[in-house]
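Residue numbering begins at 1 within each chain, and the chains themselves are lettered A, B, C, D, E and F in the order written.
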């Protein structure tokens, strides 16, 4: 079972932004509604937004223009910040009124009882790592990552119909699954190495949730098991 | 005839970025090649990038999320900055290595013999106005705006087959054309009111060029007439 | 009649600072007293200060030194910021303790229940436009501009004794009056073009008030008609 | 005799800006001409501008509004920055294009072969101290302070007709003169205590020059004695 | 007797950090406990941390590397900021979550009901001066400096066994003691000249306390005499 | 054999700063001499400084004060910046005059023909990763890491007398060695996971060198094999 939520970093993976470029905002609006309810329950929340297809398109363009990896990452960050403005708009005055660009700014936002919304922070650093460092700085104990699958499986569920979801696992077990050869690198990366290192050193738990089911976050607060939870051990 | 080019602000309107999201980079690469040639000729250059369809998509999303006009503009700026990273990548070490976010930074870039690349600067201010203020701060005498038509016409060329291109006109004449009732507002805005005010007060000429024909900039340097030129009077 | 005031941007035109350089602080102190009362009534307020004669003097100096228009504007901004420090001093701890230099900072100030005080923000942009963008970012519905006349007249009241004050008008009607030939450009500019564009797109009303009569702001809050009010239509 | 000038901080005391508010720019233009000549001779130069009467007027206003000393100092800094924009305009592209707000920025300007122009930096710190710290950071060996008298006198020359100018003195001797009871505090402060401490620790010499005679700086470069020179001992 | 404490700047001199490099944290923990109690009593507090031996070591290194005095000061500031992180950690969420680097930031922290923690601010400026300017900006009336002696003595207590502690004195009297020849410069500097100037102009009192006895701060709040108090006169 | 050095990031591991706190500056001075020679040969150089024992001491203090991991990292960064000031001082005007705090600033420094010196950049990110990202942004092809051993060994050389140095290896081979159970984690970490990922994606080679032998860098430039070189494969 999940620990009591003292503070929650909501990591909105690329999946959650997939449909907005085609004009379908329903998922974002559902997520926004859930965040408002969580805030109403007194939960401290910070949000990190991914770059989704938009990041991938511009990274491709820049690579084709001869741009280096650093600049590709930088463009990816601008894409995540576009998504941050979307979420900030959906939250109105609950959100801190600046896009958060440092961990200290996020702490100021929390001290003002607002929701800090951040995209990526720096080239070479994933939004997973941003979420982990935010949790550390804010002394939050849970990260909820909304992604394209509804939890951690023992095998890649897209390739193996008999893959089984694991309700609770440790960071050590997660690393074994990620390194396992039956996974195709990149297609199913649950958390990157740096973020695991940070989450482990600060005993922060991670919930892997389906991006399709934001309402599960309300169950999480009630102590129910949702998705997969990764703990220290 | 155009004045001798003492310094050139190249304003890459939305048109020039239209095709990159579908993977066609040929126009950007041609523009990049022309800019390298101009720089090789010793011309001082600064570049301002528009937001194109990308800006429009995200502005729509934010409006639908309930975001205010300010945040819509802010998202538009992030879109222009994504395009700035594209151009900076295409120019390699000719470009100043930071996205330019202030007019002073652009002046520092010029003092270092690099090309400053800027997107939008601030909500409520068009990239036209950014180009005009850059020209003023850098003491450049020409803005070349690459757009979807190859000059200023006496009537909207998309609606009137007999519209005639005007080779040379004054800012006063331009304002008459823009205000004229036969134009549909928004569909063919050549320069916005604030930028005209700035260009006029500092005697900066504007060339309206087709985004399809960047090579015309080389003709411009040789003193040939290209597109339409708007002068003080 | 004015709409209920949800939030007020007080735009202190040059007129309000005219006398301080000669040591007469009485008007500023009356304005400060009114602002304190409005704050005491729970009204959200932001303040934008003009540059007055001080700006004009230094802009002249810089022009004579050969400085470009950009630098002239920049000096004008420094003059407005000197006036911002005056107002901040008069408001003590009600004011946000930094001169506001971005719209996001103003929003942070409001979230902390302080009054943000801003001068100009950027060359090429009037304090009218700053007030309009602040109202937009802060989601305030009224701008009160304190100026040298007590409202909008059908003709320039300094030239025509029979000029009549218009109690309520639309932004369209205002633009007609401004463009009208019987006005001398510059001598009686009520709102500039960019600010009208912003105010219209976000349905923000503007009250034109006499700088001599700050107490009229208290009447405004009570729903009385003061000065002239410009609305969407 | 003065040491060879390896680098010069030109400290333009309030005296040099006295007349510009009344429209007399001749002194500023003469100073600008001298600075251009010095630069042409290959001398490294940085400039610090004082606040003059403008600072005093606004400090008075703020004190009368109930503003604290900190804010009074801050307004004084804005006044010095207005003067910095005047000097930057007079120097055109020889000047670094941003008002210098940190010692590191000044060092960047020098590395780019531009003249950094700074006003005050921080409340509680005089422009004397700014000049001293700039000289230290830039490894310049001379500060030339242009002020209302043409050197250091053994008594206050405004009160004592028999006061004698001292051509060369040490910082110890200067301190004795400043502390001496025959001086009225404030009326004739040559250098403040903090700046003397810095100049002494880094063996930087100071020339006290008449603001009326900027051309003396050219003599200084040729090794002639001008004004009074204060050395380590 | 001390005035009622309206706001307190706690200046933690080098003495208070002396033992932490050898792993003895007891003094810091006692100070932290006292600060928490003061905050619990509703006292407004800001903290300035000194650089202690750490600063001295690195200043020596840089001098030996040929670094200028400016860079030596800068390294000293980094040392004070390391100590600021220590204090911030000991105070948890009572502290403002960013190291304070400007006086305005400190005022924002106070407006948010957090304790601002600052080290040095700028080369050429002591932590004494930072404390004085903070008190001025925050409108606090007391600075408590924790140092290696428990007050101001008529002679240097390390050299003269018959030195007597002075319970109350004026800034004028303090200056006489500091200038007095029986004192070795540097070994016993109570307050530097710039900070005395600031404290005097804003009527801020200073308490000199033993760093060994932080609990005396609680007595101070109750109106008891502790250490020595320096007042305006 | 090493590739031709197009640009070199010199990563000064903790080892190189070990002795300065005890007053032995000889190693730093030798490194500084080598860097000056490399610069004289026209090699582009950037430097990243580690935190050494100083970082470890303060991280321990903060952990004992109850500070979170984020703040511990932040203190570590301040320690690396103290070391950056030491190196900058030793290089005089060859170094960029500001501590580099962003990758863009480093690129500006290179464009100005100065050596950028950086410590850590952000919590959660090692100086290894900073060096890797700098190399990427600056388009440098070599990182030279000066550390406590003179290369990569097949086993931990401190535990196994028969450990053999590997002259050339791939990043894949390096990862195998790091993961190998015969290594004690932490005691001999050659490069962290994030930096390997970046170096691999941008084909940057790494040389592992003994911190005791900075002169080997001159051999490296001449194309000789020094330490161990890790390449793409």
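The rule is simple: a contact is a pair of C-beta atoms (placed from the backbone, for glycine too) under 8 Å apart; a residue touches a chain by one contact, two chains touch by 3 or more.
The model shown is predicted, which means the values in this text are computed figures rather than measured ones.
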Show me the overlap between the contact partners of chain A and those of chain E.
C, F
Pick same or different for copies chain D and chain F, depending on whether their interface residues overlap by over half.
different
Averaged-CA centre spacing for the pair chain F and chain C, given as whole angstrom:
55
Centroid distance [mean C-alpha coordinates] between chain D and chain B, Å
43
Tell me, which residues of chain C touch at least two other chains?
68, 71, 112, 137, 139
What pattern do the touching chains form: line, ring, star, complete or other?
other
Which pairs of chains touch each other in this structure?
A-B, A-C, A-E, A-F, B-C, B-D, B-F, C-D, C-E, D-E, D-F, E-F
For the complex, which residues does chain A have touching chain B?
20-21, 23, 25, 28-29, 32, 57-58, 60-62, 64-68, 71, 74-75, 78-79, 81-82, 85-86, 88-90, 92
For the complex, which residues does chain B have touching chain F?
93, 96-98, 112, 114
Chain F-facing residues of chain D, complex
104, 107-108, 111-112, 137, 139
Quick one: which bits of chain F touch chain A in the complex? Just the residue numbers, please.
68-71, 103, 121-125, 129, 132-133, 136-137, 139, 193-194, 197-198, 201-202
